Structure formats: C-alpha cells, structure tokens
C-alpha cells in the first residue's frame, strides 16, 4: 500500500482552532498542498487576516505575517515591492477583504500588484460571532441583521470576483467552492493557478472561495455544505472570471 | 456573605450558560448577583470560564481569583484552577473528561460522569443542566424549589421550547446528587 | 477486499461527520464509545473492508485527521 | 421597578435608547460587538436606524453626518477600531458635533488581546487624534453605570457640543448585573446649527477648515475656553475613606470596585487608606486628589496598563507626595492582589 | 431684452478661489442650476470633499458640510439615514473618491444609499499640487509619477463609473465632460437626473464629470479643454452606464 | 563639501536615501508632499521604490510589510493623515518593526489649517494609537537636522526595532537653508527576524496577537523593558545658558531657534534666562530639565499649541518650581514676541 | 445688429479666455488696457454688435463673470 | 549683521521665486541664508509671502515679524505688512497694483510700475526679475556683478533656457533703479 493522502509539509501540523466542520481547514490544506507541489514553501510569505484565519501563522509552515484587519493587501504590497522574487499570498475573510479592507483590495488589484489573494467568503463574520458581512445574502439572518438582510436597509451583497475581474491589473480571478469533492478539486486547481500567475509575473490573482461557517449559520457541517450549494452558488456563480495567459 | 462560584471548561460545553443560569436563579431569589464571563468570542474552541458572585449585600468586587466553589468541566480547567479554590470550598468535577483525581485534600470534591449521564438521559446538549441540578441540590446555594419554579422565567422567548428538556436534565442532576453524593 | 486503508489521527477529530457524509463507500462512522481529549466522539472506519482508497474523506476532512493508503 | 439582568454592553445600548439615541453606526469588534448587536435588534423597534458600517472609519464619519443632522448618534468600538476613528474624532471635536463613542477596551498595542485593559487612557484623555482638542471621557464601574452614563453622556454631548467617550474595560461590557432600567429623559437641546435643510433660514455650515492664521488660532482658543468651562464644572469622582487617608489609591472603571474591596480589607489591617475613583477621566478630577493632600502621605495609582493615569495623578499632586504605581495588563487584578499592592505601598511609605 | 443667463440662486455668488479656467467653477454652476430648477435648495445638504472643492461650503447657498478626505459618502449616509426626506449630494475629486475614499464610495453604492455623488475626475490631485491620482492616465507626468505613470510601477487608471454601475444598489451612473458647450449641456442633464433619481428614491446616483486642472497639467485653460477631449475621453468614454427608471 | 540649498522636506528625503532607505510609501498632504515628490524622483535613481499608496492607512501597512521584509522603509504625512496611521503605528510598535515616520505637521484639530503647529505632541509622545507603546520622536530645528535626523532615525529604528517619528513644524519642511550633504552610512543591522522566505531556517512570524493572558502581559512588559533602556540611553537635548539660569525656557523644533534669539536678547536686558531644547520628545529629556533646578526658579514652556509638552515639563520639575506656558497656534511667534513672553514670565516670577 | 447682449462682472474675471475660445461670433476679447483687482486683464465684448445671445460664453465661463440678455 | 527681507504679493506673481533668487544670490556670495515661504499649496489663489534672512554669521532665527526691508507686489500685502517694517527700512512697491501711497514716513519708499514695465519689456512673466534688479541695484544687499555672473548657476537644468530672458528683465530693473530711484 502506498500513501495517497498525507499532510502537506507546508503546514506545521499544529491542530487548529476552527470549529468542527469549518471550511477554513480544507482551504488551508489546499493552499499548503499547492505550495508543496510548486515547491515554493521556502520563498513564500503568507499574510493572515483578522478573522477566524488570524492564527494561520501558526499553521502555515512558511514565513508569515499577521496584518491589521483588512490591510493584508497593503502589507503584501510592501512585502512584494521589497522582495520581488518571493511569493506573497494573503488569506482573507469576507469581513476583512470586502468590508473594512475594500480600498486596499481594490487598489492592489488595480495596481496589478503581483500577489495572490485567497478570499474566503462564508457570508458572515465568523470570528466575532456571526455579524453581517458585505457578502451576507439577502434575507440571511445574522446578529447584526436580526430581521434578515434587507436591500433597503443593509444593501446588496457584493460580488467581489465580478468587481475585480474587469480591472486591467488583474491577471487571474476565479470563484470556487468547497462543498463537494469535485469542487474541492477545482478549488485546488484555482489556488495553484493563482500561485502560478504570480510566479509568471502576470499580475494580481484572486481566488474567491465559497466556504462554510457552521457555527454562525447555526447548522451542522453537512447541512452547511448543502446550504452553500443551494444558497450561495446561485448568487455567487462558480468559474474563472479572468485568465490572463503568460 | 459574598459567595463566588467559578465554572470552567471547554468553549462548547455550556460553561457560560451554566453560570448564567445560576445567576438568574439567585437573582430570582432576591440576591445580589454579578456574572463575569471570560469572553473569547474572537476565538473558536479554547477554554471558557465564568465567575458568579451571589451576595445578600451590595457586591463590591465581581471578581476573585480565589472562588469558594468551582464547577469544572474538563481536565485543563482542573489543572488551571484547582489551586485557586478557597480552603474548605466545594469542587464539582465532570469525571467524563477529567482523568485524574484532584490533588487538594482541603476541598469537598464531588464528581459526576457528565457525558455519560447526558447521553443516558437522551439529551446530550443538557450536560450543563445536569451539573447544575446536582450542584444546587448538594450545596443549596439557591433554593431548589424556587429554581424549579422559575424555569419558565429563565428560558423565555425563543428558548421556551427547551424548558421541559432542561428541567428533566436538571432533575437528573438533582437525583444524582441525592443518591450518590453525601455531605461530608 | 479493501483496496484502500484509512487511518485516523483520532485526537484531531472534531466529529464534524463530513468524511462520513462524503465517503462513497460508507466506510466511516462516529465511534460513540470513545471520547478524545477535545471532548468529541471521533470518527473511525466502521466498514474498513469497503474502502477503495479514493481519499475523498481525507480531502473533505477539515482537520487533517485522515491518512489514506491504496494498493 | 424590578431589576433586569443585563450585560454591560446591552445596558449601554439600552441606555442610549432611553437617552433618545435613534442612530447607531458601528463595526463589530470584540468585546464591543454586543452593543451593536443589541441595537441592531432594538433600534428598528423604536423607528431608529442601526447600520453596520463598512469600517470604523466609515462609522465615525456616519456619526459626523448624523450628528450634523441634529440627531443623537452613537458609535462604539475597541482598541484598533478606536485608533481608526482618531481622524474622525478630531474632526468631530473641531466641528463641535455632539455624539457618544463607546470604547469597550481590550489590551494592546497591535491586535493585542481581548483581555480587559485600560491601555487606551492616554489615547482617550490626551488626544489620540491630531491637533489640540479634548473628548469628555466617562469611566463606568458597573453595569448600572453603563446605562446611566449613556444617559449622562448624551446630555453632556449636547450641552457642550462635544464628543463624549464612554470607556470601560472589555470585561464590564461582557459581565452581567441586575440593572434598574431608567426613565426616558425628556430634555433635548435645540440645535439651530444643524445642517438639516435651510428652509426659512440662512444656510448652516459644518466645517473644520480654517485657513486664516488668526481664524485657526481663534478657533482653537474658542475650543479651549469651552474646555476650561467643562473643567470648571464637570470634574467628577467618587471618594471613599479619604478623610483621614494617608495612602490614597486612585483607580477607575470596573477595577475601582476591586480596589474598594481591597481598601476595606486593608483598613481592617490598620492601614489608613482611601480611594479616589475618577468618574470623568477627562476632565480629570485633580481637585478631588489635591483635597486628599491634607492627610495623604502617598498616592498609589492602580491601572490595568503600564502606567498612564499616573501622569495625571502626578500632575495633580505636583510633587507634594510620592505617587506609586501598580499595574497589570489584560487582567483585572483580584481584591487580594490589590490588597497586597496596597500593603506593599504602605510599607514602602512607612505607613504600616 | 430679457435675461437668458444669470447666476443661480443656489450659489452664494462669492468669488471662488479656483485657478483661471478651472473646471470646478463650471461644475459648481451646473449643480446649482439643477438645484434651482428642481427647487430643492432649501432641502438640500451638500458635502464638500478635501480637494480643491473643499471650500464649496462657501459657494453653495444651501446647508453644507465639509467632510474628511474621502469620507463624504459615509458622512452623506449618516445625514441621509437621519434626514430621509432631504436631498444629499457629495462633491468629490478623484483623489478624494477614487483613492483614499474607495471603500466608502463602493459601500455607499453597494448599499444603494440614496444620495447623489458628483465625481470630478481631473486625473490629478489639484489642491496638493499635482500628484498622481488613481485616474491619472498611463504615461501622464505628475509630481509623484515624474517619469510618467507606468502600469508596472503605478498600475492602471481606475474607471469608477464602470466599476460601480454593475452594483445592484446603483440607480443612475453616468460619465460626462465639460470640454464643449454641448458636453456641458449633457453634463447638466446628468446632474439633474442624479438629483431626480434620488428624489424618486430609486437608489444611489453618481455622475463622473471629466474636468480640467490647467494649473497642474501645466497648460492654458483652452489647451486643457482640448487635452481632456483627446486624452481623457478615449480612456473614459462618455455616456449613461446605468439608468434605473422609477 | 559645498553646501546645497534645500527645502526641509527634500533634505529629509535625501537624508533617508543616504541612510539606505530605498522604499517610501506615502500619500500626499500639505505640508509634507515634497518629501513624497522628492523621493518619487530620487528613489528610482537608486533602484528604490516610491509608491503612492491609496491612503495613509494603506501607506502605513505597506510600511509594515516592507519593514517586515527587512528593508529600511519610510512614510510621511501630516495631521489628519497621521491620525489615520494610528492603528498601523500601534501594530508596528507591537510587532517591533523598525521604520521612520515623518510628521510634517499642521494645525488642527479636524482639517484645521496648514499653518505651522506643534499640536501633535500628545499624539506623538503619549501614544495616539491604542494600547501601551511608545514611538521615539525626534524634533529637528533646521534643514540640516532634517537630513541628519533622518540618518539618526533609521539607525535608532533598527537598533531598537521600533518606529521612529520625525516631527517638524510644517514650516521647517517648507523652508530652505544650505545643507551639508552627509556621507552615506554603512552600518546596517542584521535582521534575522525578517519575513523574507524561510530557506534554510525555521519560518519567521511577525505577529501582534497575544491571546493568552500571561502572554499579552509579558509582551507588554517586554516592550516596556525596551522603552526603559531607550529612556536610559537616548534622551537628547540641547541646552543654552542654563548654568546660571533662573528662568529656563523649554521649546523644541524650529521654534527653539526663535527662542534662542529671544533668550540672547533677554539676557542683554539682564534676565538670567536659559533654554532647554528637547531633541528627543520621547524619550523626554527630563533629566536635562531637572539639572536646571540648581539655579532655576521658574520654567516657561513655549509651544505652538495650546499646551502639551508643558505636562512633561511639569512632570520633570515635579512641583519644585512653577512652570508657565506661552503658546500660539498656526504661527511661529517672532523673536520679539517670544522675548516679550520671557520678560512677562520673568516679571511674574520676580526675576527682573 | 446684435440680438444679444453680454455684460461682464469684470472683478471676477480671471482671463482664462474660455469665453473667447467658445464664442461662435468672436464677440469677446481680453482688454489689455485694464487690470482688475485680481491682477488680470479682464475679458470684454470687443465686437458686441455680433452677439447673438446664445449664452455659450456664460455657460463656459468658470467664474460666473458673464450675464447674457437676448431680444 | 542679520538682514531680513519680506517679499509679498498674489499667489501667481512670482513672489516666492523672487525671494528664492535673492537667497541663492546671497548664498553664492558666501553668506548664511534662510528662506521661509508662506506655503499655501492647498489653496489656489490667495496671497503669498516669504522671508529671506541674509547674515554673515550663523542664523539663529529664520523668522521675524519686523523685516528690515520689504518688496510688496500688491495692495493687500501693503495693507498687511506696512506697519511691520523696521523704522528706517526699505519698502519697494509695485505701483501697478498698489493704488495708495504708504502711510509710513520713516521708510525709504521705492516704487515701480511692474506690470507695465514687464509688458513693455516683452516678458510679462518676468516682473519678479525686474523688481529684483531694481531692489538689488538700489540696496546693494548682494553684489550686483556677482549676481549677474551667477545667473547660470541659479537657473540650471530645465530652467536654463530662461536665463537670457531673466537676465534681460533683471537689467530692466537695474536700469530703472539707477535712473529713477535716488538714495535719500
């Protein structure tokens, strides 16, 4: 028998603090597997968000920075401008990237900053206990949209991938999900493509990854995967939105 | 007299609601109370604890690092807090998740296999009500009949459908304490 | 007979049941008789003989609990 | 009226509603989020508006707009979020817009931790933003005061056209105590300066730009005349056992209750110790402290930080007695620990 | 003879501080004329940016606020949420709106905040002396792009109207220019439409107005109008991008 | 070497280049913009990077990234922009990342004016951001010092792994004086902690989060041990005619030069007056001030603000002599005006 | 004869020449003989008889200098 | 001795470059100098002024509110600064834009119609060089031959094509001063 699935070396292996069934764990692994496969661990520097992923610096087995809430793209810009030949990625939640960090992500994308952004859209602020995110769906109940998100009160959910793809500075923009084995495989491909895009110096890359937050959605992990499928994917369609070839 | 009770365990074990229930019950009985959770909302997992102060007079300090009594849900909490309990105090331990005996000799130690009891009783989510039933029955820190009567007030609104289940679990604990624990 | 073998790093399991749900061969179940130090009944192979080594369970496990071998 | 068991953050939120606040613009952050969550449920019930801003920056600027419109408006945050609001706070102070800002504080610097701390004292009291200005800063010590100070804060804000900060340890926001829910206040202040449409009057302008040299200077002097008035009228402190105290402890917030207990215990051991608890951190109650100089031989500033308020205590005492410090970070020391600190200080000062 | 052109009453008439030939003057007048024609001066509240338009509170004859740099949409949101029946407009430059204020404009648009935004794109930071703006064209020399804006160094110019138009919260988005009498007439129509969109409660409205900064472009006012035509319009095409009907 | 006529802002920029700084992330604001503009031209000539950030927030976080990468990095701003950087500054201080921040300051609060001011003293020295931390703050008084302090700042930043602020009145950034251009420095500090790829070593982590109670407290104490070391070693001040001074004026920055002239004039009128000019605002040179107590009967803090540094002067003097204040806003008082203020203080103190 | 009449609030004029450039009838020019308090030679009607009252000049003037009347 | 010269006028009149030229010229002559502009870059229009200090010794204060000499380009500047000039000082006035005589009797007042002179000389943008020529010729604050020789150094780089024009304008001023102004 040979091992067909082992932990990637780009993870420290430290047990993470995520809730049972949380999508962050799967996504961490995908990112690390791609680092392994591209053999870039030693020249990669990752940037954690503020959000449930804040402790990712304990999990990724490469140099890591923990940035202020929403500012990872700016921190990444500072890093990359100094270390032009290193691989920089940010790992950001929807509160982090799409709410407080909106200016930084738009400008990093527009500048064509050569970094890779992994954007974890779970429609909610996980870490702070389930408040509304810019990506919260209409009607969705959260602790700060207790009557269900209403377009007239809280406005519409933002589609980040669609917003950034038209920018001339973006080289690769894709949306994937982790709700089925097939989608996880596609998600991994997209993560890899994002890294490759950066390695080829083509420009800014972003993968929006639809994920789950069973805890704050108030459902079990399996149910959460189904909810993602039937509620999120219709509003946030999957697929590549922009692929600039090298 | 000011009594301070520590409740400690894993994040998901209902530690905070245990303390809160105690606070409500004491308040319903007319005591002065305060309830101080350790809050870790920015962190998933990890440990949680809270301190409930119950007093006949105005409460000066809602805090202590030497509680009189403690309800301990897991091993890390025992390791962390055992030494802080006041001599002669009460220590209630969930033996399902604590695999060692307490070192202290000067405490009244009560144990109960909470996970098993909860599963037996058919309500795995009600472990905290079981321990409360046992603890209150044993210590009499609040009047137990009064508590049983105020269930409806405490679980109001959205949680009212849980009253019966919680009451049942509470009684499991009361029963356990009455049959297994003896006042020393 | 089994073409694959799954092993569980039990102490990491949080009983989310995703592996169970996604395993195409119904190999995995929750082991009610055990409690790990996190306080969960961990997942375990209940029908190991059915395992085809597809590693879907491992790929869907958020907690890096599962390793998979195949012939 | 029967008391209700409330979280500090909820009491603060309800206090705002009672004070007539109908607009809250905020961004979630532990340990402040429950203020927002409470008002997200509560404000729509009273035809108010809760809006989760995209950031703390946006939130404080929404407050700027809402306050300029003449409404009672509130925002809240903690640590990093309060830092992000500094530009806006400086603007609001300069524009003399009344509003209430809650800082349910955590430990820093950086992301720090969500543990209770009083590390934002300097930021709140010395002006974290640019330029010469002050906030009024209230430091509640109980859940009841979280509610009561909300009422007080809105009143002071309108009265002096100034931003008022309610600063509490995170723990006070999270803990629960029975609260007597207050009666709605009725006094409201006329706001003829509000930018709410110029029908029937000349246009109003809310502005913080002063390009003329004399204009800028006069504007600053105007603000400082107001601050002098506030200092003359609004210094508040609670004192306990200070009449004959040789050792005077100074402590604020939730911590001050712990200190109270410790002071009582230390008295039992024969130490002539008293407590001054600043209720307003700005204006700082220096006179309350100076009054103690009749008997005090030593002061002890106890804070949950590395030593911040102690500067104001020193400035008040002005060299007339030694001022010692005892500090923790991220932890409210227990009564026993504080008692030990008191005993140690007393010993050092030869007061045992 | 009857007067066919007089100063609008929605202006105070105070002489403004703009440089000779600056587009701000024309745009101020258009906004004021629309306020006159819609008879909304007494219920309008305007918000000045930080930028050359900062002193607009001295020029518009209605209630005015001066906001911090980039934050006018947030200030406008605060105002409008309190004063639901009043008309709120912001007047913002490209540094103000598209650089530092990016998060605020995106979120106000996405929320469908019922305010009108007049966005003056002159490809440069006028007030501070001619630094690069997000809208500075490729190759354009400014004091902070002294070697000409280079896509690899400074990134690509941002097209704000195109970026915001797809949002579900936006009801009217248009781009106009002030380089010819005909375009000025169209610009006025767009400004009016933006106000009307707000009055009908349809959502967020934004008019991007291509303008001139002769001083920092280093040319005469007439030449600047020509430069706008031949350099800006090709990259920033004119026209309505979104019109939601009432 | 022949002197070159330079603007203060340009001298600062060139000083950074000489110090080996190759990365500048900033956002324009008067009266700081020339620092950015100078470096936009200059850095590409030395294979460096100038990047205009989308905002001050982004700029300070780019600095965070660039400093973490191990490079010498600078940013600059003024007033409102410095306020916007407070969150980032707190993060940088906590993460112990070396960098230099220029505050070419203006008058506030709010948008205020672009007139020269020293109104950001509190913000710079007491911690404008959240949490317990300090910046080192240098206050140049001439265009030459704008250059020299840039060199000094980068050295101190690396040595203590701390952000260093250079704070000058806007006027000093704008004015021109002949400057002796310094030699490039060669000493560079090893940065084994930098996050620049973990080839051949364990991964490095730059982090400011400390969730454990003990961890957070220890982290704060660690920082304060460092600050104590800085206080012990790095207090700097210039003193003039203080040996026998009965009246000691304290003033910093460009203003201190004006005060110098006034002190000389006042001496001519028989007033025994001297000057202490703090060069480091933090650590504050309290010992230099206390040394004056041998002869000093009165202190006079002169500032271009409503009275900020005076608190540090008072804390240093600790009640042993009266401390008076003279302040303007948005205007550097003339030598004659300062002389009058000195004469008035001397009269009040019976020193004439 | 002129169908229109333009009048200039001379003190506001900054001599930007936009009115001159856009006037379809070449009515306007800079009056080199005058200097206003801003230090500019203001614009003035040099061929008033050609004015058709179209108000283009006024609409392109950034400084609200011009008023236009028409028959 | 420390001499401080104020130059003041409208934003676009070349006020600051007048002061700067003076500073460069004095520096070229080996003096200590400082140049302090009032900066109004955030404002278009408005007024501008600068103070140049020229000294044989180290300059203690680059600032003054009582300059010894002043070059005034417009009426508002005269209104604002007339009173501040030191008794016995020199006041140079652009009579094209100053429609009143100075009130002060204790100053040496020199006037020249700058706008007209500049237009006559065919270089309307060089008014500031004209006033400089006149002022320097009259006061001798810096050696005039030295100044004429250092034109090339001062207008270097991009501005070198303007040397001739500026020199010409400067000489117009020198000529004006020599023929029209007399030392009192």
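Order of writing sets the chain letters: A, B, C, D, E, F, G and H. Residues in each chain are counted from 1.
Just so we're on the same page, a contact is a pair of C-beta atoms (placed from the backbone, for glycine too) under 8 Å apart; a residue touches a chain by one contact, two chains touch by 3 or more.
Worth saying up front: this structure is predicted, and the values here are computed from it rather than measured.
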Can you tell me the least number of steps between chain C and chain F, where a step is a move to a chain it touches?
-> 2
Dominant interface by contact count, named by its two chains | D-F
Which whole number of Å gives the spacing of the CA centres of chain A and chain H?
-> 62
Any idea how many Å lie between the Cα centroids of chain E and chain G?
-> 26
Just give me the whole-number Å value for how far the CA centre of chain B lies from that of chain C.
-> 35
Taking each chain's centre as the mean of its CA atoms, how far is chain B from chain G in angstrom?
-> 87
Can you list the residues of chain D that touch 2 or more other chains?
-> 30, 33, 49, 51, 54-55, 57, 80, 87, 91, 110-111, 114, 207-209, 211
Name the residues of chain B that each touch 2 or more other chains.
-> 40-43, 45-46
Among the residues of chain C, which are close enough to touch at least two other chains?
-> none
Contact set on chain B toward chain D in their complex = 20, 23-24, 27, 32-37, 39-42, 59-66
Under the touch definition given earlier, write down the residues of chain B that touch chain C in their complex.
-> 10, 12-13, 45, 74-75, 96-97, 115
In the complex, chain G touches chain H at residues 35, 37-39
Please name which positions on chain F make contact with chain D in the complex.
-> 57, 79-80, 82-84, 86-87, 90-91, 93-95, 105, 107-115, 117, 119-120, 122-123, 126-133, 207-213, 215-217, 220-221, 223-224, 305-306, 308, 311, 314-315, 317-320, 328-331
Residue ranges of chain A in contact with chain F within the complex | 41-45, 47, 54-55, 57-58, 60-68, 71, 74-83, 86, 103-104, 106-107
